[in-house]
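Order as written gives the chain letters A, B, C, D, E, F, G and H; numbering starts at 1 within each chain.
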Amino acid sequence: MKLIINGCEAQVSATRLDALIRELDHQDQWVATAVNGKMVPRDRRVAHALKEGDRIEILSPMQGG
Amino acid sequence: MLTIYGKTLSSRLFLGTAQYPSPAILADAARASKPALLTVSLRREMAGGKTGSGFWDVVRELGIDLLPNTAGCHSAKEAITTAQMARELFGTDWIKLEVIGHHDMLQPDVFGLVEAARALSAEGFKVFPYTTTDIGVAERLLEAGCEVLMPWCAPIGSARGPQDVQALKSMRGYFPDVPLVVDAGLGRPSHAMTVLELGYDAVLLNTAVAGADDPVGMARAFALAVEAGRLAFESGMLEPRDMAVPSTPTFGMAEFS
Amino acid sequence: MLTIYGKTLSSRLFLGTAQYPSPAILADAARASKPALLTVSLRREMAGGKTGSGFWDVVRELGIDLLPNTAGCHSAKEAITTAQMARELFGTDWIKLEVIGHHDMLQPDVFGLVEAARALSAEGFKVFPYTTTDIGVAERLLEAGCEVLMPWCAPIGSARGPQDVQALKSMRGYFPDVPLVVDAGLGRPSHAMTVLELGYDAVLLNTAVAGADDPVGMARAFALAVEAGRLAFESGMLEPRDMAVPSTPTFGMAEFS
Amino acid sequence: MKLIINGCEAQVSATRLDALIRELDHQDQWVATAVNGKMVPRDRRVAHALKEGDRIEILSPMQGG
Amino acid sequence: MLTIYGKTLSSRLFLGTAQYPSPAILADAARASKPALLTVSLRREMAGGKTGSGFWDVVRELGIDLLPNTAGCHSAKEAITTAQMARELFGTDWIKLEVIGHHDMLQPDVFGLVEAARALSAEGFKVFPYTTTDIGVAERLLEAGCEVLMPWCAPIGSARGPQDVQALKSMRGYFPDVPLVVDAGLGRPSHAMTVLELGYDAVLLNTAVAGADDPVGMARAFALAVEAGRLAFESGMLEPRDMAVPSTPTFGMAEFS
Amino acid sequence: MLTIYGKTLSSRLFLGTAQYPSPAILADAARASKPALLTVSLRREMAGGKTGSGFWDVVRELGIDLLPNTAGCHSAKEAITTAQMARELFGTDWIKLEVIGHHDMLQPDVFGLVEAARALSAEGFKVFPYTTTDIGVAERLLEAGCEVLMPWCAPIGSARGPQDVQALKSMRGYFPDVPLVVDAGLGRPSHAMTVLELGYDAVLLNTAVAGADDPVGMARAFALAVEAGRLAFESGMLEPRDMAVPSTPTFGMAEFS
Amino acid sequence: MKLIINGCEAQVSATRLDALIRELDHQDQWVATAVNGKMVPRDRRVAHALKEGDRIEILSPMQGG
Amino acid sequence: MKLIINGCEAQVSATRLDALIRELDHQDQWVATAVNGKMVPRDRRVAHALKEGDRIEILSPMQGG
């Protein structure tokens, strides 16, 4: 299935958000996720089915002022 | 001691974590200045959780309370979603709320700011709004549920220091009981000290420390400046006078003529 | 460390001893701020050596080096005789040389000052001249033998702080290797810090501490300000910029639209 | 003999400066002295004869800024 | 020439009509300064049309275009109704829109201001909004239909002059093509001149003229200052320099040694 | 009207003649601003009386009184000989006395200045001394016979404008009856206006006009600024206030609630 | 009928706004009017019937800054 | 005779200052003169004899601030 992940098109096999995080080799507890502009909390990722063309944001801690 | 949202803070210095030459220097600067809070942000994860993880390991080791920000958000909606993600990621409901009106000034967009402050307060966030010295805006932020205000004193990163001391005095005088933190525009420790002397409760810094030739020394200088500024405020400073007044007593002068 | 006339000083703060609520508070203020020097003067003895002897006992107990002044002298002749008597009385050849032009401004009389500086240097005094930021006057004081300059930054006791920062910068830039001590006109610790940030070597204070609601707290605040100001100078501060510059990186911003 | 001491007229019996200091009950080591506008060092007081109408300054430590 | 809402104005000075010692002195001040606009307000009629009618007769005789204001309104609703009544009474759709947040600062309430500006522009008013230097607020006022902005430079009647020159410069730079009129806070002709030199298009004054010892002379002084300030802006001023530069050529100096 | 050395001057503007793009533009600038005096200097004659003779013809045609200067002189001796030669060459005993201490600041050497002022006054010169705001130096210049003082307000050619307003106020207050002319450091017409508002009697300009993009327009702007500044001073300006004060009366406000 | 005119209670005989203006001896063209917080234009005053307790605002030109 | 005129060495035939001015083709009334650091007024030039090595300054009007 084709998704837009952090602004870039990507072809993935995962069908749920928790699987996508694993497929991308992210550390589950150090990322926050949003799908199509809405946050998806960590405990809902397992239940969150992905659809063709979903816009996924995967964010992690960064320097800030 | 300064208390915000029911929490007593260990100092009157909040320190940003961006733009340091290295995570190690950030860590040394934090140890040298002992800030009450470190500000952090979140960004797109690149390449398998490796982005800035050196940074993240360092920050966690410091064991200092974090204040996530919504830097770079140009609408209430963006800021709200970013705040929600920050709450989960950093495990805190404290949020430095930035809604930026336009790029070249990085000035707060006071309309988006108040809208986002209302929504986030309603969701239980403890909002630290980055705002201006506009008193009407400040009143709406307090109505929205904010228990602290963070006015700029000059454009972000300008290092100009207080540009309108009268406006800062008016804001302090109008909100005698609200914690006021100067956020943005400070370039020198004497700038931070000046706002503490005016009765401001704390300052939030980043560029002035991270961009110094010696960030660790500068962090320490700011920490001392903030401590001294508060002490000066509490010790009751002289008012400026127009005429000169002798310090040494003139009574009992000798005459050698 | 700051070295003047071959002597390394323990701090960059010189403290005056006048106008305190009591000798005990003066002593506490000195202990709280650890000045390198205490300034003192001499006046007509009244009634059998009792005048201000409480003061004098306290000052001796503090064990801090003394810098006698010639405050109130309106001619070179008066200042020279006063300096000679001070040298015997206080057992030091260090002298803060004040020759005052007229009463209402307590401005240095630069002609009398240079004349007295020449005469006293020739007699072996180590002269600390209270002067203006006038560079031509400063050159003559150095020619006269002075190894330190003490410009005002505002009228004595005015508490206005630096009135002409450009002039202070010019003087610092023109005499990169001469110890420069700002004497007179400082009202707030941030004023002292500002001149240290400009690269001045020390400050001399009196009214700003003695006249504070809490002189002991204020003395401590000035001591911290001076320490922090020097540290800031050595750590290389940011220059002010006209445009705003973001501290938080904008790279990697999320898109929620 | 009549002198002007620290600006005030005074009738004294001492004829030398060291005696005057004692007569006035001053602590010798905590005063500095001048006669007619010229300093007289401590060790010269004993030798310094006073004349009718001399203007004497006797100074002691004081607060200063 | 300055053009606002399609009308070319005869000068860059707008003059208030309040607080003069007498209507006759107001008239003389207006004749001496030839303002493009006179600001007026409306208030409760007392005792049979007699209130301030001497004032009103004088103003009509002057034959200068009027700019009614909504001074004292604390909500958009009050300001809108006041503007509607002013339009009928003064026969003009020009309105100086004031929505004041709170009493002691007379600061614009930017939320009420934008709301009222939208409503009045939709009703065909030509709105002159009294605002701050907040650029985000300014953008919303322009979106609402305003073709001129009137930022304060200091609190109304404070006579302090420009308190934040950087903010004024930023606003001018950000809106190069929008007529900008400084309204409120000017105390001296040199204040007005300074903002004209910065490229502001006009100033609105009242207290500084009406409260002068000689309002007529002061009105004339402001008129000259505004003319000179614009001329200076158009003639390209020198930038400040750090170092001194000789005006008289040094080439060809004689040698008398 | 301003009277100096018994002569009533036609304006409060003195204009320098150096650095203009051409003699013709200098002439137009002088005609546009009608200065009371034009400053000139003398230099080594090159190649048969041709040097700057175009300049000299133009200046004579203007028919404006001349004030020769001793610019560039670094000792009293040089200045005295230069003044003597200027008196013969320009046929006037008025002299702008400059004795410059060192190159990079072009600061007056107050010792050489007082020495030369004494000598020249004794020779019957009418000395216009270029000095600082030092009041003790000013007193000696008056004792030497000067009937006017010309303090700088910033380094020559720096265009920074008044750097120490308090010092300018003190000098004006201390010498209420001596004509005071600000010479050097002015960059903008508002700077000139500010010193006239402080009660200074006139200004001497050169670089700010000659170096403008349009020297003729700028000369006119300065002439208006000086006229307006004096008028403002005579008309009694408002003092700055801390709190805001409404201009429009609040009595009789309508209620629409 | 009792009205509140410019904040003060008043007993008047007029039943329409134009009549009230005349009864109060105001110059019709130099006042603007509002009833209960809403403006009533000059040409509608004749048609505007007053009710007991109406809050009337009658405003005229005044100095302003 | 060799002189130093306005800082430059020059060989001249004139023996008096007024003659030197003419020899150098200067306009007598638009120059001021000094010899060896002392001014020589216009009316004394005729009487002023020049000596080998004299330092002559000949100055004319110039722009000034």
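Brief remarks on what is shown
FYI, contacts are C-beta pairs under 8 Å (C-beta built on N, C-alpha and C of every residue); 3 or more make two chains touch, one makes a residue touch a chain.
Owing to the predicted nature of the structure, the values given are computational and were not obtained by experimental measurement.
Residue-number overlap of contact pairs with A-C passes half for only one option from F-G, F-H or E-G: F-G. For subunit C, the chain with the farthest CA centroid is G. The geometric centre of subunit C is 35 Å away from that of subunit F, both derived from CA atoms. Annotation: 63 Å between the Cα-based centres of subunit E and subunit H. Taking the mean of the C-alpha atoms as each chain's centre, subunit C and subunit D sit 33 Å apart.
If you average the Cα atoms of subunit A and of subunit D, the two centres end up 94 Å apart. Listed for subunit D are residues 6-7, 34, 37, 57, 59, 62-65, each touching two or more other chains.
Annotation for subunit C: residues 16, 18-19, 41-44, 46, 51, 69, 71, 77, 81, 104-105, 107, 155-156, 158, 160, 166, 206-207, 242, 246-249, 252, 254, 256-257 touch two or more other chains. Against subunit C, in their complex, subunit A makes its touches with residues 6-7, 34, 37, 55, 57, 59, 62-65.
Residues 101-102, 104-105, 107-111, 114, 132, 134-137, 139-140, 154-155, 158, 160, 163-164, 166-167, 170, 174 of subunit B are the ones touching subunit E in the complex.
In the complex of the two chains, the subunit F residues touching subunit G come out as 246-249, 252, 254-257. Taken in their complex, subunit F has these residues touching subunit E: 16, 18-19, 41-44, 46, 51, 69, 71-72, 77-78, 81-82, 104-107, 155-161, 187-190, 193-194, 197, 206-208, 210-218, 220-222, 224-225, 227-229, 231-232, 234-254, 256-257.
The part of subunit B that touches subunit A in the complex is made up of residues 16-20, 26, 39-46, 48-49, 51-53, 55-56, 59, 68-69, 71, 77, 81, 84-86, 88-90, 156, 206-207.
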